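These are the structures, in structure tokens.
Heads up, the next two complexes both have chain A, just with different partners, chain B and then chain C.
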Partner chain A sequence: MYKALGIRWFLLLTVLPLAAGLIYALLYSLGLAGILGNGFTLAYWQSVFAEGVVWRSLGYSAYIATASMSLACLLALGLVIKLRTAFQKGILSYVIYFPLAIPAMVAAFISFQLLGKAGLFSRLTYALGLTESLQSFPDLVNDFWGIGIIFSHSLMAFPFLLLLFLGTYEGERLGELKQIAKTLGAGEGYISRKIVAPILLKQNFAAILLYFIFVLGSYEIPLLLGREAPQMISVLTIRKLQRYDLLDKPEAYIIALIYCVLVLTAMVISLRRSKILQKN
Partner chain B sequence: MKPNYILLFILTLLWGCSGPNASSSTDPAKLSWEEIVEQGRGGVVQMMMWQGDPLINAYMQDYVIPEVKSRYDIDLKLANGQGNTIVSILAAELEAGQGSSEIDMVWINGETFYQLKQINGLYGPFTDKLPNSEWVNHENPFIGTDFQQPINGMEAPWGSVQQAIIYNSEMISEPPQSLEELASFVEANPGLFTIPNEFTGMSLLKAMLMDIAGGPEAFKGAFDEGVYNTYAPQLWEYLNRIKPYFWKQGETFPAQLAAMHQMFASGELAFTMSMNDSEVDNKVLQGIFPESSRAYVPAFGTIRNSHYLGITKLAQHKAAAMLVIDFLSSPEAQLKKQDPTVWGDGTVLEVENLPEEIRSQFENLPSRILAPKREDMLPRALMEPDPEYMIRISKDFRKFVIEG
Partner chain C sequence: MQKGFTYLLAALILLPFSLLLLLSLAEGWSFPSILPDAWTAEHWSRLFQLDGDLGQSLLLSIGISLFVATVATISGFLTSRFIAYSPFRERYLIMAYCPFVLSPVVYAACIHFFFIKMGLSGHIGGVLIGQLIIAYPFAVIICHGHWNERIRSMEQLVATLGGSRREAFQKVILPLSKGILLVCFFQCYLISWFEYGLTTLIGVGKVQTMTLKVFQYINEADIYLAALSSWLLFLPPAILLWFNKRFVFREVNVS
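Moving on to the complex of A and B:
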């Protein structure tokens, strides 16, 4: 009885506002809501599809999220496998929590101060005579490959993943499992690649996926460190929402809708698959 | 049983949305100034303004707020937000059918004025009620017309400025005066110049477009598709030709002016720009820009415009907002604001008509050092074209130059 009531309230407070928002966005995009709406029209949808910017933006966002999460996972896995004991006691076991407290805007700013042409690394290479001038330092922020964005996101994600992996390592008794594998004659590298890494990744699949979606929709970091084109999906949406042309507003709602539908679909499919995987 | 809770919850939410909220006070348009003072006294005024500059914030916090408190017992409260934020909030309030607005008073200029007129979000006309409106130089086309739109009493002029290009005189001895000189400059010094993809950058593009068209005459009046289509492609062709020599090889452009200012301060760029011709003096005084910074107006000219104060249509305290705006238009407040150590914002008053004493104070203001004198910039001033030019330039700059 209480459980059912709790679920109802949960749905009421989470799903209902989201659904109401999506319905309003849909109405706005069709010219049925909003102060400048003039009745039903498909013109905004046609213009979004004709322009194609939204697909490039989604592709770019997916690239950034994949690269950031791969790097962060690799780094976290490497540390768990090689330096696990160092993070379980002593100073590192505290320090590892600090990066979790850094807001995205600050992380972006730190990256800018480190990687920019007038940043710390550039000044160092200049002082060491490796670069001729500040301008000749390579483009690491506002760059084509999104290096600055990926750097910031990996930096923020890896401590979080590291803590998750450490927890799983204990919970799944991977230490004991390793011992058994060893007595059966498996080498260190084989154990890491075939036993530890797959178990850690599989057990934390849902958390990694959710973080992936967080990176996909991130705003502050790509706003400061990204380029004007292509833009990540949130930056593109806000631009459409806030630039000089009020008639662009419905397009912002359309982009937000497309993004929501894609993410929700992908999430449902992947979480289902991961449950099936875990059962097997 | 259970769904009733949900129904109750939704009803509670809806109830909260539809409270009777209409303001009980009389429309100040029907009142005399004395009655407006009476009605406005002791009120609370919510003002939304851009708060990105410490000097401007200090002028408001340390001078205007105490003054309106002591004169009219008004509590002036500031909220941060400009252009699009203001439009979004007011549009949302109107869309929701709200009876009154959270915001009484806004600091705006041309493109926001245009958008607020699109959504019918402004109260007025009100400026002829203000006693200090007498001193305002409405005849000056740079003040009485906002982006080719007559202000018609719907917004009160507050300050008048001209775009200035800021450069580092240690890196550049003779700054470029024409589009050809700019082209040869960037070719010889790659990476030091760029155009911010925001309001200030778009204003520079307007000036360049007018230069390509042989002068500002073609841009008078309403937006002209023919004029735009004739000259804009030449501007994109010009920019695409020289952009490989821009910052980051012209593959991207700064999204905010603040980022460009920072790169100018750190020496990564040799240029930045400002819509306030006094900003270079401000920024050097604050120690943000290098002392070798200078401002100038290239021979092809720059946009000169004014910024304004408006009252929102749903404002709860219109009379009090009018008292604040009248004070901000007073010779005293305008004098203080024009002081380069305070803010350095150009006055909108016709100084020659002012009483002798205050006039001489205006004439004796410490002058700025790093930017040219106002009267020397005026011959190179260009009027803001219709807001539609801004919208088109902004879209096409992205389409043909950034993504092109």
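Moving on to the complex of A and C:
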């Protein structure tokens, strides 16, 4: 009896809202629900595909997620390889946990205060005589390349990845592996490139992919540090949903549906390939 | 050389927090000054005025996060047991991952209609349910790995020795599960504590949690109060993390 109740509770909180939400979004996008529900139509879908804004937004989101994760992975890998012992004792073993307590909203605010035209870096470059005025400092936030967004996401992801890699380094006994490779004549650089980095990345592939998906759908950071165009997928969806023009609403649901289908498909494939679903 | 680099790196990691602290204590900070023009403790004094909107937001956020974390942890722990031992375990786990990987704000956009129909939009109850819908599957994901062969063998041993299922749960499983329950509670608390998109959409901006306050102050260009609110958002999880750091990460790695 308890088992049946438990599974029902699980389905009620997990499957039912998701299924209901996706079905409602689909019906709305087909003109079968909501204020604009005047009968079946594919006009909204055709309009979204003709505009192409959804693909640009998805491409931009993928670019931001790839750049952020690559930067964070490189930084975390470099530090684990070069400064591993420093993160196990001493001051770094304490302060590395602090960035984990930063919410996305605060990370965006910090980036704005560091990288903005009147931010700390701009003041420092002015004091050092590298810039002549506020305007001569480059646009690092609300810029086309999303530098501020990438900086914020990397700031949030790198301590998490570093701690994850440190755990794997110990768990996989990479220190002993390194010693064996050294005995066999391999150099430091070769060991890092051919043994340590591939093992750390492969063992944590699922976690990196999940973080990638998280960055792909991030909202607060691009909302504060992004531009009107291109927009990341979550920002585009919500802006279309909250516009006064009611014709934008079905398009918002279509974008949400496309995003959900892509993310859920990627997740199912990666979960089936990873060890996460394997029984202990 | 390495020691110097270590301290430099520590200083860089602490730079954002120092900047927020400086901003929260600043009265004015005009360009191109490196340090604030004048100092004040006025912003921080607002923290102790619990009848003020900042204090209310802080209490509201703590209350929402405690409720969401408690319900998600207890129900996630109990239901994860049924899922872990179910023949459809893999299917259920994929279902649990679905809401977890989706952007909460996009998910909220899809389900908001139902919250409006149930009269929960713009109410604290709606925000609690909305956050629970995100935190609960995560609790299931964290806890399911705990139900391994060792735990099952212990349950069977208690049964063989004449103990009831209730006794096995109270006297064997719960003491063994303290670690995972603590980690799960902490993670669910963070999910709720950091949540912005879903809260602003389901709460229609009326349920003013701390993340909404930060956004409001940034929008109003009040960077000093935004910095103070950011500190208030950062401090509770940082303190919890400080006390449980090694334990929390070891458990996360295991699960």
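To be clear about the criterion, the second predicted complex is superposed on the first by the 254 of 280 C-alpha atoms of A that agree within 3 Å, B and C clash if a C-alpha of one lies under 4 Å from a C-alpha of the other, contacts with A are read in each partner's own complex, and residues count from 1 in each chain.
Simple rule for what comes next: a residue touches a chain if its C-beta (ideal position, glycine included) is under 8 Å from a C-beta of that chain, and two chains touch if they have at least 3 such contacts.
Please read all numbers here as calculations on a predicted model, not as lab measurements.
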| item | value |
| --- | --- |
| First (chain B), second (chain C), both or neither touched by A:A229 | first |
| Touching partner for A:A118 - first (chain B), second (chain C), both, neither | both |
| Which superposed partner A:L36 touches (first chain B, second chain C, both, neither) | first |
| Partner chain in contact with A:S68 - chain B first, chain C second, else both or neither | neither |
| First, second, both or neither for A:S218, with chain B first and chain C second | second |
| Partner with the higher number of touched chain A residues, chain C or chain B | C |
| Chain B versus chain C as contact partner of A:L83, first or second or both or neither | second |
| Partner chain in contact with A:D139 - chain B first, chain C second, else both or neither | first |
| First, second, both or neither for A:Y244, with chain B first and chain C second | first |
| Contact residues common to both interfaces of chain A (with chain B and with chain C) | 9, 34, 118, 134, 224, 241 |
| Residue numbers on chain A that touch chain C, as the complex places them | 2-3, 6-7, 9-11, 13-15, 17-18, 20-22, 24-25, 34, 79, 83, 86, 90-92, 94-106, 109-110, 112-114, 118, 120, 122-124, 126-127, 134, 155, 159, 163-164, 167-168, 171, 210, 213-214, 216-220, 224, 233-234, 237-238, 241, 252-253, 256, 259-260, 263-264, 267-268, 271, 276-277, 279-280 |
| Complex contacts: residues of chain C adjacent to chain A | 2, 5-7, 9-10, 13-17, 19-20, 23, 31-34, 75, 78-79, 81-83, 86, 89-90, 92-99, 101-107, 109-111, 113-114, 132-133, 136-137, 140, 145, 148-149, 190, 193-194, 196-197, 201, 211, 214-215, 218, 223, 226-227, 230, 233-234, 237-238, 241-242, 245, 249-250, 253 |
| Interface residues, chain B side, partner chain A - complex | 2, 5-6, 9, 84-85, 87-88, 91, 94-95, 111, 115, 118-119, 191-192, 197, 248, 251-255, 259, 263, 266-268, 387, 390-391, 394-395, 398, 402-403 |
| Residue ranges of chain A touching chain B (in the complex, touch as defined) | 4-5, 8-9, 12, 33-36, 116-118, 134-135, 139, 142-144, 223-224, 227-229, 241-246 |
